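Letters A, B, C, D, E, F and G mark the chains in the order given here, with residues in each chain numbered from 1 onward.
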Amino acid sequence: MQPQPSQMGYDRAITVFSPDGRLYQVEYAREAVKRGTTAVGIKCREGVVLIVDKRVSSRLLEPSSIEKIFRIDAHIGVASSGLVGDARALVDRARIESQINRVSYDESIDIETLSKRLCDHMQTYTQFGGARPYGTALLIAGISDGKTHLFETDPSGTLLEYKATGIGVGRPAVMKVFEEEYNPENSCKEAIFLGLKALHAATEGKFDVNTVEIGIVSVQSGTFRKMTPEEVAVCVETFEQ
Amino acid sequence: MQPQPSQMGYDRAITVFSPDGRLYQVEYAREAVKRGTTAVGIKCREGVVLIVDKRVSSRLLEPSSIEKIFRIDAHIGVASSGLVGDARALVDRARIESQINRVSYDESIDIETLSKRLCDHMQTYTQFGGARPYGTALLIAGISDGKTHLFETDPSGTLLEYKATGIGVGRPAVMKVFEEEYNPENSCKEAIFLGLKALHAATEGKFDVNTVEIGIVSVQSGTFRKMTPEEVAVCVETFEQ
Amino acid sequence: MQPQPSQMGYDRAITVFSPDGRLYQVEYAREAVKRGTTAVGIKCREGVVLIVDKRVSSRLLEPSSIEKIFRIDAHIGVASSGLVGDARALVDRARIESQINRVSYDESIDIETLSKRLCDHMQTYTQFGGARPYGTALLIAGISDGKTHLFETDPSGTLLEYKATGIGVGRPAVMKVFEEEYNPENSCKEAIFLGLKALHAATEGKFDVNTVEIGIVSVQSGTFRKMTPEEVAVCVETFEQ
Amino acid sequence: MQPQPSQMGYDRAITVFSPDGRLYQVEYAREAVKRGTTAVGIKCREGVVLIVDKRVSSRLLEPSSIEKIFRIDAHIGVASSGLVGDARALVDRARIESQINRVSYDESIDIETLSKRLCDHMQTYTQFGGARPYGTALLIAGISDGKTHLFETDPSGTLLEYKATGIGVGRPAVMKVFEEEYNPENSCKEAIFLGLKALHAATEGKFDVNTVEIGIVSVQSGTFRKMTPEEVAVCVETFEQ
Amino acid sequence: MQPQPSQMGYDRAITVFSPDGRLYQVEYAREAVKRGTTAVGIKCREGVVLIVDKRVSSRLLEPSSIEKIFRIDAHIGVASSGLVGDARALVDRARIESQINRVSYDESIDIETLSKRLCDHMQTYTQFGGARPYGTALLIAGISDGKTHLFETDPSGTLLEYKATGIGVGRPAVMKVFEEEYNPENSCKEAIFLGLKALHAATEGKFDVNTVEIGIVSVQSGTFRKMTPEEVAVCVETFEQ
Amino acid sequence: MQPQPSQMGYDRAITVFSPDGRLYQVEYAREAVKRGTTAVGIKCREGVVLIVDKRVSSRLLEPSSIEKIFRIDAHIGVASSGLVGDARALVDRARIESQINRVSYDESIDIETLSKRLCDHMQTYTQFGGARPYGTALLIAGISDGKTHLFETDPSGTLLEYKATGIGVGRPAVMKVFEEEYNPENSCKEAIFLGLKALHAATEGKFDVNTVEIGIVSVQSGTFRKMTPEEVAVCVETFEQ
Amino acid sequence: MQPQPSQMGYDRAITVFSPDGRLYQVEYAREAVKRGTTAVGIKCREGVVLIVDKRVSSRLLEPSSIEKIFRIDAHIGVASSGLVGDARALVDRARIESQINRVSYDESIDIETLSKRLCDHMQTYTQFGGARPYGTALLIAGISDGKTHLFETDPSGTLLEYKATGIGVGRPAVMKVFEEEYNPENSCKEAIFLGLKALHAATEGKFDVNTVEIGIVSVQSGTFRKMTPEEVAVCVETFEQ
């Protein structure tokens, strides 16, 4: 995205609209997300699946230290793309909101409530000066009252729910696969395979067992958990066949 | 709206008037509204009707997650257009004002009082530095003391009451239909049909049952409610015939 | 008013004088007033009259929602021109000052005291950074100790008392009529007719019964009141004959 | 005063010296004073006289609402020139300082003490950012311990005492008259005539009885008072003969 | 790294994204790290090793005053590269966090917890205005629950764990050596030799016994300690043979 | 002092060094001092002498209102040059520091302590933003423990002690006279004559009895006092012979 | 140091990195030090020696008022170069830190602790906006636990310990002498002679007895003291022979 003469000067501050009513700094923050690693989320009959390609570049790196899927609470998990430090700050905030809810009301936080609060927080960073918007997007997967949800946030604080979606550099390729092949009646296993196929398309096949993270929200147990590297390995190997 | 040389420099801050006494940042915020989804409000004999075209772009999106009509209190509803995060912030504020009124005075807030408070809040964002104006417009529909009202706000904090009006990208088309065909003696059903016709004109017919949201203030019950997707479907189908 | 090279740079902030000792931002705020609807005030033998042309542009608009004349207290009324949201903020401030006076001293506020306080408030917005001046002018009509007053404020915080005056886009035309025909010994009815004649001249005759608002301070009753639409209609119709 | 290339950039902020050690914003504030109405002050054997030409431009204006001479305390009066709102703010401050002194020490404030406090206040507006200097000058006339004083302040916070002086647009003409004709042994009446002569010279004779305000500090009574319009009329008429 | 026209203006503030979603100020802070002295960290079978080349330039300098490896707590040590003052500020913060944990929970802080807290702190300096990002990178070596860790932070607040890594001016040369020769089954002695070889490659052999600092986390003892100059001398001499 | 291209941009803020390590705003503040009236200070056998040429320009001005020499405490006096309002602010500060010392420790403040405190205060205005440096220099004369002192401050907060010195526009001429003729064994009378000779040289003889102020610190009495106009007249007349 | 096009714009604020990771404002502050008077510090067998050339320019100046060597506590002394006011502010801070330590822990502050605290303080002025870095360097000489130290600080907050070093305009000449002739086994007298030789080289022989200040930390007494002018005179005279 090359700067146009017409946007010169309107894109230096988040507190300034451009003549056509756009907030360039928010749009540039979205570019930071578009440069991020690809993450996908898929709702299925049995729950919600989150899959991330971690893009580990060196054999000297400990893959476990690149965390892109985070457990927020027993029933909610998050996948992120974009600036790493920003994502960690939002995840911390989400965890604290969840704990406050548990302490205040003695029950787990509703996933939509949590998602809106995070978005409200992100919106303030697009209206007030002194800071920049968050350069990160989140996929928030969870279950409340037996119903699964898959929300997507962006730097503007917009909140949308998807049946299946992707964020990061591979989003266009991922969405193409989902538009054609998504089936809400899939099992979790089938959803994982669809997600791996989408990531495979997005990364042009350059991902191996160590660079994939998978999180699952299960309708049956009502909880979120991250798959162990061994489980992931089994999935990926089965998929590759 | 292309920037003119004469407005260069006067349009970068909300705390600066242009030589001809205009506040360009407020006008640019209005452009953000003009890029938003179309919403219409229509007063009728039996109450007030709010209708929004949600413009759902992908089959993977959950239409229910795109909320453009919000219940503020038992007797007040709001339709929004423009920046999604800004609208949510204003809706939150409206709900809190309503609850404070209930707790303080043990009665529901007067709709005009509420509308003015929201506009006062918006006005401060056009006079003080450190933040940008809200990039959103609201249609506020409600009933107080048996009398229905349909207010429209804009980013400058101006408050106007209409018999029938529209906000967002389709406003010119909508107003043309209303100027010609509006009848205050319509029933709610007739008002909904007029609203759908206006939206149809504004969207050039590209809306289907899943992308329309309808809210109704009823004189009889004295309350606001959002129609269920099933009710909306019946309306739209009848209309399409 | 086109910017001149010599004012470039001195007109971007209210905390900066130009080399010739002018405050351009205050002058630009006056331009916002000059773009506003026309309001007139006329002192007469029996009291003070305020008349506003509301310029209602669409039949879909509820004329009652365009309020340009406001009751501040039992004995004081205000007509405004310029930015609508700014006027509402000043009116709120005036009402609060009046109520504080009643609560503190158990008597109604002196109209000159109130007017000076509003102007002091406006002056601070021309000296300190972080906000812009108010883009609105007020005509303040009232009665204290049996003596009527008609004050005019402007964005710089200047306060002047007039026998008859006008603000807004039609001011030059209005003042021409008043300079020629004003008579302090008129009755209220004659003053209203003079005011309508001035507005007629200012709007080139484009106003009808629904777009005029009239407020009256009566020496006899010692109070301010807004005329009902019916009373206004009678006046306008009589005038039109 | 046209901006010179060499002052470009050093004259936009009060917290910046120019390379030759000048504070342009303070000098520009002085220009605002030079555009103000002319006020003169004259010490005489019997006291101090303040005279202002109010320049009333329209017969619709109430001359009494243009106040340029203010009573600060029983023994002190002030004449102002420059920005009207700024003058009112300084006068308010002076009155409060006087009252605080009365309440704290049970005696009237010394006129030199009061004048220095006002100047200290004005000086801070020339050293700290976030506000502009005051665009107003004051003539402070009063009596303390039986001794009369006539101080002149300017936007920089400089305080000087004069035997006879003038501020505002007519200062050069006024000072020329005083340099030639001032006599400290004049009576008040003679001083008023000298002041009117100076104003006459400054305004090229364009002032009438309604546009002149006169204040007098009397050695005999030890107090300050403004002359009534009737007294002023007598003076002016006598003078005109 | 020469500035490109396209980044002009987007790289002056940390609160501004560039059109392609980058934070130039954070990238420039990384350049400060790239100009720093070279530090390496290597995990081995027996623990973790940190080695720094201090680049002592003058015989008049006391080598002991150039500290590049710091003990944070009994079980954690840190090596830094980049701005010296910034590193000291981060080390102080790390020590305080560690002590707070000991006082609050009566146990030593988990090394991952500490590393994340430091990164959270650094992230805020990339999002909020009024300060610049930290111009320093850290290698954090330690042991918690019998498991060794080697984290690397950068100015953006990103946290990665490595098996072996380097920071500072010699990083490219160091990583080349490690990619080819790193063996996780090495003893500490072998790891130190590998590190010295890498530093030797990075400094083109220009380091002597007095300019090397070595810190060791031992699995056996569960603690971190800096080697004495004598021990370092023995290592270096053995290595040089 | 004309601005050079190389200083463009580095001289607009006190919080910015120029590439050659200079603080231009402090240097420009010194220019304000160089434009001030000339003041001299001379140590002699019997004490310290301060003499100022007040440059009274009009016969209408009360010379007594131009105060350039101020008594700070019983044993300390100050002569100032530069911005008048700034000098008054510093003198106020000095007086308050002196009184605080008396109240806190029941003894008069040491002159060196006082001078350093004033300089510390001035230094902060050269390091922190939001205000400009003081545009004034002071000569501080006094006696503590029987020892006389003559300090000179400048806008940077530098403090130097002189045997004889001058500030203001005439400094070069004054220093030339002192370098040639100063004798520490002079009596006060001889010192005054030397000072008048220096001022005479600096003003090219344009000063008369009414425009000179003289202050004396006496070793014998241990106090500071300003000479009466009569005493000054005697001195000047004797000198003129 | 002439500004290069590539540093334009990155050198105006301390909160901005240049594209190559440099902080120009800190480097410019170092230029202020390079323009300062020369100070040297030398460790020897018997303690540490500080010597400063005060560069007294006029016979009218009291040399004692130019203080470049300061006693901080019984065991610590400081020599400064660069902005005089900044040095005094740092010296004040050092003295207060020392006193706080005495009051809090009933023992003298460790010299390294004190030096780090001063550097931490200076570092914050290189990271946060609203102020400029300190334009001064310090040589801190002292003794703790029987061990002597000689620290050098610079505007970035870097802390280094030297055996012998110099700051200010003559540093290059001084370091050349020290590199060639420094001997840690010197007596204090020999160290002073070496220092005078270095200053002699730096000032090209233009210093006399009145312009040299000498401070000594003695291992034997464990204290710091400034030599009297008489002692200095003896040293200088002996040296000159």
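We take it that a residue touches a chain if its C-beta (ideal position, glycine included) is under 8 Å from a C-beta of that chain, and two chains touch if they have at least 3 such contacts.
Molecules present, by chain and UniProt name: A, B, C, D, E, F, G = Proteasome subunit alpha.
The shown structure was predicted, so the numbers you read here are calculated from the model rather than taken from an experiment.
**Q** How much rotation, in degrees rounded to the nearest 5, is required to superimpose subunit D onto subunit E on the basis of Cα coordinates?
**A** The superposition gives an angle of 155 degrees.
**Q** Subunit B to subunit F: how many Å between their CA centres?
**A** Their C-alpha centroids are separated by 69 Å.
**Q** Based only on mean CA positions, could you tell me how far subunit A sits from subunit G in angstrom?
**A** Comparing mean C-alpha positions, subunit G is 55 Å from subunit A.
**Q** List the centre-to-centre spacing of subunit C and subunit D in whole Å, with centres computed as mean CA coordinates.
**A** 31
**Q** Would you pick out the residues of subunit A that each touch at least 2 other chains?
**A** Residues 13-14, 129-130 of subunit A each touch two or more of the other chains.
**Q** Can you give me the ring order of the chains, beginning with subunit E and going next to subunit G?
**A** Read from subunit E toward subunit G, the cyclic arrangement is E, G, F, D, C, B, A.
**Q** In their shared complex, at which residues does subunit D touch subunit C?
**A** 1-3, 11-14, 24-25, 28-35, 58-62, 64-66, 83-86, 88-89, 92, 129-135
**Q** Taking the touch rule as given, give the residues of subunit D at its contact with subunit F in the complex, in rising order.
**A** Against subunit F, subunit D makes touches at 6, 9-10, 13-23, 116, 119-120, 122-124, 126-130, 151, 156-165, 175, 178-179, 182.
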